[in-house]
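Inspection log for the structure reproduced underneath, given as structure tokens.
Order of writing sets the chain letters: A, B, C, D and E. Residues in each chain are counted from 1.
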Amino acid sequence: MSYLQLDQLTKSYAKQTILQNINLQLNQGEFLALLGPSGSGKSTMLKLLAGIETPDAGEIRLAKRVLNQVPAHQREIVLLFQQPYLFPFLSVAENIGFGLKARKVASQQIKQKVAELLDLVELSGMQQRKPQQLSGGQQQRIALARALAVQPKVLLLDEPLSSLDPEIRVSLQGVIARLHRELQMTTIIVTHDLSEALALAERTALLINGSLVADLPSIALFERPPNRAAAQFVGVGAIIAGHMHGTTFESQLGQFNGNFGPNTLHVAIRPEHIQINNAASQPNISAQIIERRYLGERWEYRLQAAEQLIIVREVGQTPRDIGQTVDLHFPPQQLFALAD
Amino acid sequence: MAKWRRWLGLAPASIIIIGLFGGSLGYGIAQSLGWLPFLGQRQLSLAAYRNVLAGEQLGGQWWQALLFSLWVSLAATLGSALICLGLLSSIAERQQQYRGLSTISNLHLAIPHSVWAMALLLVLSQSGIFARIGFGLGWLDQPSDFPVLVRDRWGIGIIMAYITKEVPFLLLIGLATLRQQGREYLLVAQSLGANRWQRVRLVLWPLLAPSLIGGSLLVLSFIFGAYEVPALVGVRYPEMLATMALELFLNPDLHARAEGMAVSLLMSLIILVVIGLAWRWRRAEQQS
Amino acid sequence: MSYRIIVWVLALILLVPIAVFLIYAFAQGWFFPALWPERWDSGLFLRQLADPQLRRAFGQSLIIATGVSILALVLGYPAARVLELQTFRGRGLIYGLFFLPTVVPSVATGIGLNIVFLRLGLAGTLFGVMLVHLIPVLPYVVLTLGSSFARYDRNYEQQAAVLGASPWFVFWRVSVPMLLPSLVVAGVLAFLISWSQYVLSLLIGGGKIITLPMLLFAAASGGNQSLIASLSLIFIAPLLILLGLVARYLGSPATGATPRP
Amino acid sequence: ATPTSTPSSTSLDINNWAGIEQAANGQTVNWYIWGGSDSINRFVDQFYGKALKERYNITLNRVPMADTVDVVNQLLSEKAAGKTTGAVDLIWINGENFASLKQANLLRADWGQSLPNSKYVNWANPAVNLDFGEPVESLESPWSSAQFQFIYDSAKLQASELPRSYAALKEYACANPGKVTYIAPGPGAFQGTRFVKQALFEVSGGAEQWLGKFNQQLWDQWSPKLWEYFNQLEGCLWREGSTYPKTENELHSLFANGEVDFSITQAIAGAGSLIKDNLVPVSARAFVFDDNMIGDFNYVAIPSTAPNPAAALVLANLILDPELQAAQILPENGFGLGYGIDPTKVSDPALAAKLSNAAQQLGDAATPASDLAKSLRSDIAAEYQSLIEQGWEANVLRK
Amino acid sequence: MSYLQLDQLTKSYAKQTILQNINLQLNQGEFLALLGPSGSGKSTMLKLLAGIETPDAGEIRLAKRVLNQVPAHQREIVLLFQQPYLFPFLSVAENIGFGLKARKVASQQIKQKVAELLDLVELSGMQQRKPQQLSGGQQQRIALARALAVQPKVLLLDEPLSSLDPEIRVSLQGVIARLHRELQMTTIIVTHDLSEALALAERTALLINGSLVADLPSIALFERPPNRAAAQFVGVGAIIAGHMHGTTFESQLGQFNGNFGPNTLHVAIRPEHIQINNAASQPNISAQIIERRYLGERWEYRLQAAEQLIIVREVGQTPRDIGQTVDLHFPPQQLFALAD
């Protein structure tokens, strides 16, 4: 049995169901990214775990103990909000020591722990500052230190980086990754940014409209999203509708051979795997370029082939012209089936 | 932005406040120094201040009134602040909008202090409505069996009148703070493991402190300087400074006006010093 | 204590004076230990409503308080704007000066004010009374507008300017609507303070301007409970209505209202 | 109508009364008057306001005051501002404020004894020509008269049980602890001062010796006795003398609600007008001690800065009109104070009959005229006033 | 003479100089991206142009007219702020019509124009909505429509997209590009995101610390940043210090041949041009992998070679191991010289 376990968790506000029969297991020390579009219920799920909201149905278990009736401050699960919410009336040191003080730890010990944590988030010597005197990134790091101070069994991070500048963001991703390596805390990070999930977590769960539609190793989710919802979210080159005829997938765009299941109705491919004008490969699909965008290093093209929108990314500096008709090749080993 | 436009914006209001108010304050100061032109007296001296602070008759009265004023205003202010804090503590985590509470607190602003004091008198005096109910229930036989709640020696009536008036006022101020930022901080604290009492003590109180202290200072200076309520629900002795000043103004002997003015100005000075100290203390707090 | 209990207790405390005054206004000979008045008589109350002096006083109070609210907004707006949106030396000092009238008891300045106004020829005029009411009113208006200017986002005004709106257009079409809740609340506070003003009206009005509080205080000195209660009701009714109308703005962070204790 | 301030014709000749009436024609007279009684307000509007309009085409602007001292402040400010024309035409004034305004030289002089109706006033009476001991000197004109009286509740007490002297009052108080109190003497509470002053008369053996000029020696001799009396009384008083009511209304309210047994009034109508104003129960009655009940007169005065002095003079004269004097005493008219004129000086038999008729109709709530006359004393030198107030505060209140 | 011209423009706040001697020319209809790190003075520059701030020195000319003394509302230059700042008390239609109303355009005409613009930003039929009822991306589009309504001669966009979700961002980039194609307004867009500049503008100016350090075609700036400041900002694989010895550039990492100037002190290369373990190429530099990050499609490695940090990006799904030592090849034609 796993360390943290969610069983058929359900939550509604007013008439609206926000989370529906969520099942999830985490081992001790695991790092999970919870990915999903805005409003899909990610924050709600963390709040249920932290005990700030109560579920309508289902169970939350931590190390076999059922948590449903345990109040938030006794759960040893710490939730880090999207905003840092540092107590404005306390110094940095007092903020970090807050949870320890609530646990009546001796002040000498608190002092020492605070210094350690400041070291860890690379803000040594800032003990006496007030939150207002810190930049947004520094505040976020202090909030992280404050959450770590109480050594929670489970750390929940709710989009801790999404309000920050890209530079600070990357550097804080580094801090979080390193902390997780060092402290091996069971961690869930919420994000709606795929690259953040990829950069941080081995495993990613995808929450869409209150249901978990995927729960896979992060790279696998990116490379081979298991179903249409996941594919739409992570973005693919094309989602092709069709049906199986023996071992062949037949579609508007032609026939594809591959290792698909017998009832496959959709197959997909990543945009960087589609080849343009590769005369050596067969079969080829004729498509017209309708838009292009330079991404730096790579060009992204939007193409149209038989009413199907196809996105292709190609490394290279000299772009192809808009309006041009090209031949596209879908390498069979890169095609994968999507569940519905 | 041009400098002259800045002063242009400030000028009209400043003329009223600094010109009219400052001018009349200057006149008041002159009066306290014995400039009483209606008596043909134009010589300045500190006699009025001497009389007030150390005079045979007024001196004793001043110090007694000062003590009583301090007692009443501090007790009423602290009482209101504590009650307000208690109420806010008990509801801070239960509610998000506080709509009803703030509407009702608002409506309290419509009742002026003097009107409220008159009502209180009718309800709480020894022959008031409560006493009559008590009599009707057989709890007391005559008015004097009912506790002395208004027009009492200790200013309980004045303090009660103020507390009931100022609690809604402070609630309004506290609620504004809570609505702005209260909930998230409390949730953070809870997630960090603080129990209910710790959340109230370690988070809610410090959060409310700046606005409540500010509001309390406003209340303190108001109570210290107002005479309507003590005149209505207070007694002749002990009296508050504001009533003492008023009495001197009403004295048929017009020379007493200098002393009356001196008392008023000394009162203003005291409250300014109190507020100034409190302000500096807050600043020192914030900087440390 | 639960939220609803607190709300009810506060509502009860508010209802007490209203209920007591309602009873006393119509009660005849209601003395201890009677739990209920012996006789009822609406004559006195109705007579007050019909009294020409009271009607005149009500009208003058209304004119004065409305005028004061408008004047206070017109004068307070630029002052609050400058004080909050600009940083300059002496800003704290000016704020302090604006705050001073809330600390100095009005008896200390009232007589001086009367002399100043008499010299200016403003004593005994409606305008003079309005002007003198500005002294206790302006601090609260400036504080209220000031705290909403402190949160004010000037980018809206600048956005309007770059879209081609002249400063006057920006003021009426952007600044005023943006600050509307705060302006309404500040205006109501000004009305409230002016409406309740007694000492200054008495001194500057010099008997030529008679306002509602003057009638109320005169009645209070006579001890006739029915008269006091009737006038109190007539006095607080407009305030209750007005505050009820703006209750959702007052004390909300959006308006930053600083009410008077 | 709003008050107008027609520039004052300083050249008014008080001896040319027709000229004054002519000058007053169309003027508005601003009468500053204590406004706490609905009955008095109505009396003033109905009797004087109507008469002024009908007889002289003068508009009455009654300015209600919570305290007459406000008028004093108004006049002082006008003087300090250098105004020669102010806002006040006529003031209903009492002794304390009269002394203040006289001190500040703010009253119009030389008119009180020159009014046509002044012939009805008994200026020889020291109670008329001295106001709280201060010489009137034609600076004011009487309106009405008053005398100190007590009020009791006939539903609770029999006339025979009532104390009739300060000594008896003390006995009564100690036999009924907590049921007696009096108004604290002090500025603005002359009733309290008068209550103590009357006690001084009694403990010193009589009022006569106090008449005449101020006598420090006499005061020093008797004041310890006076404080002794009050300190003995204190323990038996309401709330054991720890506090005292500050105003007549407070005392009325204590009395009406049965907290104490006696209240105090100055009205010749006794409890009548108080009953009418709902201040005391209908069973309230007035009574006096056998001696030492101070009586005096109420006046109106004209400030030297009055904007409409002619109209003010006409009004002051009208007040002394025997017909209106007869009206003011009747309880149903709600004013309740006694005559300002001397009825014996009214020669017109019809008017004289009206006056004596009215005096007969005071009802049971008033003290019988004979009791009043028997106990009547006039007030004494003004210097005693502050000695009593300060002495009482130091020796009784704060001890 | 160009259409919009900035001459020696200088601006200070208090003692701090924010913009120093800025010179810039734009032709009518040109689309310039103004790039730079946070606090470099980008917004200040736009505010000077729009007339919200006044310059301390220098001149701004539009179609030969000197603008310095012209108040903002008479300039016909519209600045679109980072936040949409829709007037909350006005409906969508009233917001868009605001500038026209200020110009006293007849309401019938306004109505028609508003409908057109709503079409243009693909929000037809939303006239009566209130701003609070719109999503962030919709609000930003309305703000854009509002700015376009007055048909400004110059359109200034101050990071109009940076507070938005990635999806909406890309779609709005499309809208802006299309609008510029259709209306051909002279446009400056401020951003601190290189890819946004690449996606939108033919030309990019780089503002660092109040000075313009580069002003080039956008792709050129990305591919071949002209100097060290620019290279640091756009990010390169390595900046190698050394000196010229004849036609050879000598450095700690070895010698490189290439078309460098005679006094070259630094050369650089883009991270995607560095080749790993390509045995066919010479010379090779031995380096150790110290960190790696999956970017989706590509892996980014940080390597160390003789105290030099090198960043390499490589397309591929199976990552190389951390700690491993590899050979790096810097293709000579991809190396370029950096000015100082």
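The criterion applied here is as follows: a residue touches a chain if its C-beta (ideal position, glycine included) is under 8 Å from a C-beta of that chain, and two chains touch if they have at least 3 such contacts.
In UniProt terms, the chains line up like this: A, E = ABC-type quaternary amine transporter; B, C = ABC transmembrane type-1 domain-containing protein.
Given the structure is predicted, the values throughout are model-derived calculations rather than measurements.
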| item | value |
| --- | --- |
| Touching both subunit D and subunit E (chains) | C |
| Shortest contact path, subunit B to subunit D, counted in steps | 1 |
| Centroid-based (C-alpha) most distant chain relative to subunit E | D |
| Top chain pair, ranked by number of contacting C-beta pairs | B-C |
| Distance between the centres, which are taken as Cα means, of subunit D and subunit A, whole angstrom | 90 |
| Chain centre separation (subunit A, subunit B; CA means) in Å | 56 |
| Mean-CA-position distance for subunit D and subunit C (Å) | 37 |
| Per-residue overlap in subunit D, given as positions that touch at least 2 other chains | 67, 73, 76, 80, 250, 253, 257-259 |
| Multi-partner residues of subunit A (at least 2 other chains) | none |
| Multi-chain contact residues (two or more partners), subunit B | 127, 143, 249 |
| Pairs of chains satisfying the touch condition | A-B, A-E, B-C, B-D, C-D, C-E |
| Subunit B residues within the subunit C interface of the complex | 1, 6, 8-10, 12-14, 16-18, 20-28, 31, 87, 90-91, 94-95, 99-112, 114-116, 118-120, 122-123, 127, 129, 131-133, 135-136, 143, 164-169, 171-173, 175-177, 179-180, 215, 218-219, 221-223, 225-227, 232, 242, 245-246, 249, 257, 260-261, 264-265, 267-268, 271-272, 275 |
| Sites on subunit C touched by subunit D in the complex | 28-29, 31-33, 44, 47, 53, 111, 114-115, 118-119, 123-124, 202-203, 206-208, 210, 214-215, 217-227 |
| Residues of subunit E touching subunit C in the complex | 50-52, 71-79, 81, 83, 85, 87-90, 98-99, 101-103, 146-147, 150 |
| Parts of subunit B lying in touch with subunit D, wherever the complex brings them together | 37-39, 57, 60, 125-127, 142-144, 148, 151-153, 235-237, 247, 249-254 |
| Of all residues in subunit E, those that touch subunit A in their complex | 38, 165-166, 173-174, 192-195, 198-199, 218-219, 222-223, 270, 272, 293-297, 313, 315, 317 |
